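Take a look at these structures.
Below, subunit A partners subunit B and then partners subunit C, in two separate complexes.
Let's look at the complex of A and B:
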């Protein structure tokens, strides 16, 4: 009887080891999938927000015939035409910033070009170029 | 004699493991599929927006050229007719349509969409501007063909 009980315990132990092994492999794969989906969601949110903010800013500039000063009414515009955003892409001050939008302008005769770059640290998130013809 | 009530259920852990692993796999695959769809949707929307703004940039470059032409044409003109004739002469090689004081051009956004621009060419306007943007509109380039196979009650 003792022998039968001993063999049952060994079997249970073997099963438990196998279960833990399979579970750890499966959960490792699943965790990678969860991590990948989390990264994809974060990237798509960033893209959506960056594109929306960039087009908003361009439309504001366009409404003022290309003058960047109008942005001061809507956003906290720092020197060198930099606007800071927090994690939710709300405009914020430099200290709480996560993302930074750098606006560079150039003009050839009466055609202004605006380059809008959104960066996080050193990583470039989104970059776009807008052109605007200014009346003579 | 003391009886030991503790029983080892062989197989129960395996069943439990199968259930938990199935749940994990299902939820992780579902979240990945949903995230991928969201990413593809935002990429599509971004491409659409970039297409529009590229056409917008192109239209602004054309507008700048037109403004230069209008500026060149208005110098040394003393009547509206002379001015319009000068504009027509300057625009001969270009794909712009000039008719009755209106200048029209189209920029392609995609296979299905165009950016249609119409400008009112002004002469002697109060604010000294040479044109007014009358239309700056995205239009569908292919026609809608309704399916009229079914005889519906009208």
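Let's look at the complex of A and C:
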């Protein structure tokens, strides 16, 4: 009788431990998926914002026949053609910046090439290239 | 037959283990629901705001030739007018805000249009259309979740 009771308790404990073990493994997998989902959402949001901002900046440059000076009217344009953005991708000053856009230009005859790179720290978030035929 | 008394710790240990299991299950469930809610909110925000901006952007680029994009007024409400030439006839796509809706109307360029004419695209809170200079139009759209997005359009 003692053996039967003891065996029942042990069996119950074993069952519970086994269930917790399986649950822990499933939870660990779920947590990883949740984290990945969160990262993917953030990255897609970031890429979408970067693409919209890059397109906006090129439209502004294009409206002034390729001259970058016009950007100063809409954005705070720092030396070396750098524009800073905060976490919500709103234009901000250098001190509050999370992201920065570096605009590099090159010119071959009448064709200007604009490389727009958005970086966070040392990580490149988004990079695009636009070409514009300059009118003289 | 010897009857061995069961220790209280046996029951307490089992209960504690069960409680730990229940708490962990609850935490995982809550984390999952939070992540799901965040993703759904993000998708909603994307749909509401960026879809509109991207739609207008694509629409503008569809009829991209000089002088095809302009800002007009419909019943004192600014509207984006995109001229398109079909078989020698000019047609205009008006994009404007009517109450809390972004509307689009495709009509003959010579035909007058009123705010109620267009078909609703999406719900928005506000749409500002500014002419920054002769070549540049700025659209500022506030979606119903109060996020603001800008779109610059070069009209050259």
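We adopt the following convention: the second predicted complex is superposed on the first by the 128 of 136 C-alpha atoms of A that agree within 3 Å, B and C clash if a C-alpha of one lies under 4 Å from a C-alpha of the other, contacts with A are read in each partner's own complex, and residues count from 1 in each chain.
The rule is short, and it goes like this: a residue touches a chain if its C-beta (ideal position, glycine included) is under 8 Å from a C-beta of that chain, and two chains touch if they have at least 3 such contacts.
Everything numeric in this text was worked out from a predicted model, so none of it was measured.
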Which superposed partner A:17 touches (first subunit B, second subunit C, both, neither): second
Partner chain in contact with A:60 - subunit B first, subunit C second, else both or neither: second
Partner chain(s) touched by A:132 [first = subunit B, second = subunit C, both, neither]: first
Which superposed partner A:43 touches (first subunit B, second subunit C, both, neither): first
Subunit B versus subunit C as contact partner of A:8, first or second or both or neither: first
On subunit A, positions contacted by subunit B and by subunit C: 9, 12, 16, 19, 23, 27, 30-31, 34, 37-38, 41, 45, 48, 55
Complex contact set, residues of subunit A against subunit B: 8-9, 11-12, 15-16, 18-19, 22-23, 26-27, 29-31, 33-34, 36-38, 40-41, 43-45, 47-48, 51, 55, 58, 109-111, 128-133, 135-136
For the subunit A and subunit C complex, residues of the former touching the latter: 1-2, 5-6, 9, 12-13, 16-17, 19-20, 23-24, 27, 30-31, 34, 37-38, 41, 45, 48, 52, 55-57, 59-60, 62-64, 73-74
Touching residues on subunit B, where the partner in the complex is subunit A: 8, 10-11, 13-14, 16-17, 20-21, 24-25, 27-29, 31-32, 34-36, 38-39, 41-43, 45-46, 49-50, 53, 56-57, 60-61, 63-64, 67-68, 71, 129-131
Of subunit C, residues touching subunit A in the complex: 1-4, 6, 10, 13-14, 17-18, 20-21, 24-25, 28, 31-32, 35, 38-39, 42, 46, 50, 53-54, 57, 132-133, 135-136, 138, 149-156
